[in-house]
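Look at the two complexes coming up: subunit A is in both, with subunit B in one and subunit C in the other.
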Partner chain A sequence: MNKTQKPVLVIGGGISGITTAVEIAEVGKEVILIEKEPYLGGNVVKFNNYFPKLCPPTCGLEINFRRIKQNPGINYFTSTEVVEIAGEKGNFKAKLKTEPLYIKNNCTACGKCAEVCPEERPNDFNYGFTKNKAAYLPHEMAFPYKYFIDDEYCKKESCNKCVEVCNYDAIDLNAKEEIREIEVSSVVIATGWKNYDASKIDNLNYSTSKNIITNVEFERFIASNGIGENKLLRLSDKNEPKKIAFVQCAGSRDENHLPYCSAVCCSASLKHALTIQELYPKSEIKIFYIDLRVAGRNEDFLVKVQNNKNIELIKGKVGKITETENNNLILEAEDILSGKKIKYEADMVVLATGIVPSNLNLNLEKDKNQFMLDIQTEGIIPVACSRKPMDVSSSVKDATAAALKAIQ
Partner chain B sequence: MINISPDIKFKKQLKQVSKSSLNECMQCGTCSVVCSLAPEDRPFPRKEMIWAGWGMKDKLIGNPDIWLCHQCGDCTSYCPRGVNPSDVIAAVREITYQHYAKPKFLGKILNNPKWLPVAILIPTVIISAILFTAGTLQIPEGPVNYSKFFPHAWLNSSFTFLWILSIGLGIVGLRNFWNDMKRQNEEFESKGNFIQNLFMILKEITLHSNFSTCTAQKTRKIAHLLVFYGFIMLLVVTAFAIYAALTHNYPLGLAHPVKIAGNVAGAMLFTGLGIMIANRIFDKKNFGNSTYTDWLFLISMLLLTISGVIVEAARFLNWGIAYHLYFFHLICVWFIIIYLPYTKFGHLLYRVVAMVFAVSINRKVKA
Partner chain C sequence: MSKNIGIYICSGCEIGKALDFDKLCQLASSAQNVTVCKSHKSLCSVEGFDTINNDIKNESIEKLIIAACSPRAKTEVFDFPENILLERTNLREQIAWCMEPGEEDTQMAAEDYLRMSITKVNNINIPTPFIAENISSDILVVGGGITGITAAIEAAKAGYNVHIIEKEERLGGWLNKLHKQIPYVAPYNKSIDPEIEDKIKELEQFENIKIHTSTSIQNISGQPGQFHITLLNGKAETIIVGSIVTATGWQPYDANKLAHLGYGKPNVLTNVEFEEYVKNNPSRDLPKNILFIQCAGSRDKDHLPYCSGFCCGTSLKQATYIRELSPESNVFIVYKDIRTLGLYEEFYKEVQKDDQIFFTKGEIEEITEKSGNLKVQVKDTLIGEDISLSVDMIILATGMVPNSTLDLNLNYRLGKGLPELKYNFSDSHFICFPYETRRTGIYAAGSLRAPMDIAASKSDATGAMLKAIQTIEATKRGEAVHPRSGDKSYPELYMDRCTDCKRCTEECPFGAYDENEKGTPIQNPTRCRRCGICVGSCPERVISFADYSINSISAMIKSVHVPDEFEEKPRILVFVCENDAYPAMDMAGQKGLKYSPYVRVIPVRCIGSVNKVWISDALSQGFDGILQIGCKPGDDYQCHFIHGSELTETRGENIQETLETMMLEPERMRTEFVEITDYDKIPQIINDYVEEIQLIGPNPFKDM
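Let's look at the complex of A and B:
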């Protein structure tokens, strides 16, 4: 192995970025892994469980975090974004910007700062449905396991309470943002995805109806460390819903929104329906779909759902949702198989929103939907959901392939 | 087993007229849900879109739902595949005029721009021939008096005869249309006779209430009402004029109530048409693609209105070119009145008949 070779830069610390970084480092090459959030794990760490084995994210990610910790070849920077990349394969210069880190690495996560912190912020880890303190631990298995201060809500020196209680002198409210200039041999773009903004689908009334949530929000509702702590609760009255409807293609396969299929939402809704059935075996579930697109072993979920008497699959896209006085929701669709319009009143609705590539403000080749094209300047390698929608296991395979490309 | 025999020629025509890529429809049914008129049972236009994709002409042409649609465009704006269902339904209506046209060639030449010269030539030649026979094919001397150019007896008898002939041919087409609708809807029991059922839809025709359900195109209702009542008033005024020409002194003075009604009706027509045309030009997003058939009807109607007003003014002002303008006005009258069953004006016949048929099989729109 050529030790003089420059490290590989991996942009994005989700499951794909982590996998790429670990695979590269484990063949003896150096990696710089950056993540814009204060923690690694991306979208997957927010899930209740994920495909194909329905493991909780703690499982797969924990192993990866250990591989990162044990490998001196991986340098990772959280709260960090890339500002600029120039150069060519083997010789890129990148400029990284790290947000001010008010809490230093010697934080032991004792939690005293959060105890005294008087300011609250919407907890973005739970999509703003809960609140936490301005000094906070992003979540129970955050990696790096340390507290973080949100300077949008922190009153800094005028408050100073956290500095006073910290026994480890880990808090510096005067911290400044940091710029790093690095030289790397190649760049892996693992910027991943965010879900489509459901409020843009005006006929589904997501933004005005409390009991309509998106599929990613559903994961946070149902997760053991989530909003409902293993319960599904209606936001309007905190009751457990008895009739739940899933709206497939909420934005996907729609020229007015996302013209492409997001590939994972069908499987996700089938998984969610089975999760609800496990929790509430008497609940009634309807899944409204255009086509059910479940490939490979995920088809097993479809069979399970088809065999479940409490889950009905209805072919017909929901064209309208209206909220009733008691915050129930009336879904309207044409049942294509009978040719009749149907109205279904549900207690709760889950919108299967699709995958949108995360925005990366660099001059790279993108398609019309903002996904990265495979062909970039040599040495720049897009991976997984930055280039097209895919599930976790496909992303991991894609990441392994990207690692091989990056070290050549 | 469903026996499907696609009519490829029809499908090509449908694609061409609607400018829709029919096959991209994925049958999600969003259109049927957002439609403010589609009935609960067998709603439109989702089923029409699959028939269109399969080229099932018989199913589409013999389907009264095509005429229950008021083309508000809600389905098109929510369609996830951009296949413009409202334009497809409108295209089926256009093809209907051609399909039932008797004689066939009139349907063809009035729906294809390359035959427009022929469509203009026919009235020009026939009107000239009538004038020649009457012995008045020249510009008369003295103050403008249109009856010197086209004697009332000749004008009223020839145009009335031709109109009755064209409506008669239109009724032959309507009979075939009715029978096709019956054949395609055999499973539904029909009730009441035609007149009874026609009576049921009079309220909708006079009030245009289904137009109000349209959210994207608010000005459509008022525009159509203005044109509708303006035109009816002018028909009544014309009937009175024929009667007056036989019994009283004609033309009527400007202060005569019927003359006033005629001028008001002209203003209503002009305003209504102005709104319709402005909407199509300045609000393409909400009004979709306009076709040749649509524009031909609107423009000939507008020219009829404008030339009518100018011809009237030319008489009072004694313009030298008054007779030429009058001749042009007569060609416009021909386009609207004699060509009625073959142009978009045919919707007056086909839509009413389809609405009556829908009543007879108890099919009601949602609104």
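Let's look at the complex of A and C:
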């Protein structure tokens, strides 16, 4: 072990990157954590809850943010991407690019700028299903806790209202992007995943029917601070759906789309079904599946669902979804157990789409599905969903393992 | 006691509009030991920070009170040298943003919060860390299977000395018995050769790894940084290590309990027996028709209720080599669900290409045997009909049962083994913190804590080892590990008052206390996680932290000005867990949700750290009601200290007795549990309780 070791660079500030960073820093080493979004937390911060405990992700994130705050060994940069990495283990040079910070770090999050901002943008935190202001707080648990300006929608000096109202001189509409060059000892790739583009699955009509949404979008539909604000609403008529169908392996285990299994979608849909039942005990839920893939102790979670009379698990792949005049959805599937073709009319359909590794524009070794290979240039360590699909708990374990690899 | 307290009150972010600053400053300036009191329009600005920083230098400020935003906000700005004691009074989120501006009641709340802060800093000190002598950086790995070997190698690569012990003569564990392994690297489509020989060779090359085979543990005592391990290998040998990774693995489920699936009949083997058979007889002919029964004794409430995760992949692997060794053979696989999660799907797809491997979803109805031939009735198949198979051999895909951890022989008051979560697995209950352990410095890895395959075990071994290393480094710094990482305080015991009641030793979730024959607690400070549950447990004010004690919180409670009953301004004391409930209250403020200004909030390390003395102090002080808000207890508990909130429930009964003896209504004490996202429920919880207390009327002790 070398005491004068350079810091470790962790790319990606989702649950895996955060974990790797704090675990390294708590050994007593230095870390630089970068995240392309203006806040840390990645995909999970948008989740309503985790399976199988149905507990909120922000609970663990709060502890992790506290660990970051109190540890001087962690430097983090949000709105930042890596543009170049060169060198070798122990001695990498990385070039980082930070988006213009129109609202500086001395923002107190008083919220005045958003109050006066006249421009609206699609709120990406809710996958664009709601709008917020061009000067916005990404979400209520945002870390760092400060406002941002979306320059795609901000009219800059021609408006200038936010600058005038800010009491803290925190807004600089002329801010420029910043390039940083850093030297690091190793690089952890924790760039995570995005969900498969459901519009590519023609037969499931995601693009044409408002009441068909994906599983990750559903997280924002069901969240108490989400799209429906404490209510699960379908988009076509803002009514609460009574019959909800889940389509498992939507684009997964399918040679035309993702040939692999994403390992989390079964448990996620079970979680969604139970969460709906908690809020709407009278709702009717159908889950169409090929195999029910929950592992280990999560079997208990499956049993809990099987014991719920309002949730039916149907072994069968949905071949087609069509929309009715009143925007209901007719699913056609083959019930493989009974051999019968079945049609089911639902008010809302959730597509359990899979995990696709996020693209990182660096020269790294990948498999045919674009997941990073474990073996890269020595000192470059892919972690969690950048290397294979896995759930949160496994990702955190993997991220902790990567922390040790990074300090060897 | 330091006399130099500096108080800085921020008027930014609407705080100035909500409160009368002259009055606040007057109160602060006249308080005990206050040297400086200043207000500023934005303390977090460069100018604001400089004001404070200059005073620290010029006025020798030692204790600092920043009355501004939540202590959770602007931490990067309000970052002072370690010798400065910092207290943050939350005037923004929990007063200005959630109470009516300019009102008398809002002002009274702010003044009380300031009084509590001043009293607090007058009653606490910066902790001096407990740094044990002779801390060992060596690590013990228990178990020489793939998990233990991986853990040892990864630690050695990071420069740590490792002792690895294995009870058998040979390292390698179950992997020694493998003919092939499930593919776990790209392209995932073909079984791979066993890796264990290479792994053992790699392990043996490290000079900083000491291998102890045929060795068991007679005793483990001590604490992180100084675990004393007595090893037994013919004779006893003592080693000292700083932390431990235990990876003692699993056993196959006892197939003797699976007679209904044919076990006991000729040519019915378990997956493990079959693997070993092929490994030892690679050239031997295999029978023509072989059936795999998946979930043999798994996902079954009469046997193992869980899924072992590896059996589907193992059967696929065995099916492929059966077909290679014996090209004429037919393989049948009867399953419930094929669980090749993630990229293992690639392997499943490859196996499905072989049209002499038949997959059937179904349930086994009956198995009969006649002169070596096995007849199997399968029901509930996909085609809807029952089928009958006639095969020469049956392989039962049996699951994993974790080995007992009692062999660790921990010399802990709370038991010889690791606490188990469910189904005898020593797992963490936290999704976000899978390495949470209730025996600080001892980390379980691999199939001991959850069913897992080789790839997952290796990753788990590496993660567990990182935590073991981290514990050593934190112990050297005198700091706590997760979740209060970096906390340098530790419990100090005033033993003169101890009555050997054993509550602290019983209630500490982490086994920080052992006890002698009389029941007197024996402290192991580096096992401590600083939750303060022992503070809550002690009836005699024996236990305190330098910066968190029964006395400091009692003094804070007593510093609140409680109006007399004729003013009709009730006072409710609210203890909130700082992990989830406190952030939820902050968010309520951020959202501008309003609640009663009659509450006085004291954040606590864990709701389980609330001491009964505080309750009686508050009632004597004239508080009309006491509300405590903690994290969710129960099967899906969210308490970060395992059972802090559960203890609150049981202790609640005692408190009700106290209320009864004081002739007070039971409603004067209330406990609520919230999630961090329940910020929208906070105002209602508070307002409903205030209303209820108002109906009951004032606390009769108010003016006594």
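Note that in this section the second predicted complex is superposed on the first by the 404 of 408 C-alpha atoms of A that agree within 3 Å, B and C clash if a C-alpha of one lies under 4 Å from a C-alpha of the other, contacts with A are read in each partner's own complex, and residues count from 1 in each chain.
The rule is short, and it goes like this: a residue touches a chain if its C-beta (ideal position, glycine included) is under 8 Å from a C-beta of that chain, and two chains touch if they have at least 3 such contacts.
Please read all numbers here as calculations on a predicted model, not as lab measurements.
Student: With the two complexes superposed on chain A, say which partner A:341 touches: subunit B (first), subunit C (second), both, or neither.
Tutor: In the superposition, A:341 touches subunit B alone.
Student: Kindly classify A:332 by the partners it touches after superposition: subunit B alone (first), subunit C alone (second), both, or neither?
Tutor: It touches subunit B, and subunit C stays clear.
Student: Which partner, subunit B or subunit C, is in contact with more residues of subunit A?
Tutor: Ranking subunit B and subunit C by residues of subunit A touched puts C first.
Student: Just checking: does A:291 make contact with subunit B only, subunit C only, both, or neither of them? Give me first, second, both or neither.
Tutor: In the superposition, A:291 contacts both subunit B and subunit C.
Student: With the two complexes superposed on chain A, say which partner A:203 touches: subunit B (first), subunit C (second), both, or neither.
Tutor: first
Student: Could you say whether A:316 touches subunit B, subunit C, both of them, or neither, answering first, second, both or neither?
Tutor: first
Student: Which partner does A:27 reach: the first (subunit B), the second (subunit C), both, or neither?
Tutor: In the superposition, A:27 contacts subunit C only.
Student: Could you look at A:262 and tell me whether it touches subunit B, subunit C, both or neither (first, second, both, neither)?
Tutor: It touches subunit C, and subunit B stays clear.
Student: If you stack the two complexes on chain A, which partner ends up touching A:249: first (subunit B), second (subunit C), both, or neither?
Tutor: first
Student: Go through subunit A and flag every residue that touches subunit B in one model and subunit C in the other.
Tutor: Dual-contact residues (subunit A): 253, 291, 336, 339.
Student: Okay, in this complex, where on subunit A does subunit B touch?
Tutor: Contacts found on subunit A: 203, 249, 253-257, 290-291, 316-320, 332-336, 339-341.
Student: If you look only at subunit B, which of its residues touch subunit A in the complex?
Tutor: 26-34, 38-43, 46-47, 77-82
Student: Using the touch rule from the top, collect the residues of subunit C that touch subunit A in their complex.
Tutor: 12-14, 41-42, 44-46, 69, 72-77, 154-155, 157-159, 185-187, 299, 305-309, 337-346, 349, 361, 380, 382-384, 422-423, 425, 427, 429-435, 450-452, 456, 459-467, 469-470, 473-474, 477, 481-483, 485-486, 579-580, 583, 587, 590-591, 631-632, 636, 638, 640, 675-677, 679-680
Student: Mind listing the subunit A positions that touch subunit C in their complex?
Tutor: For this pair, the touching residues of subunit A are 1, 15, 22-23, 26-28, 50, 52-64, 66-67, 69-71, 105-106, 108-110, 140-141, 145, 167-168, 224-225, 230, 253, 259-263, 291-300, 303, 315, 336-339, 367-369, 371, 373-374, 388-390, 392-394, 396-401, 403-405, 407-408.
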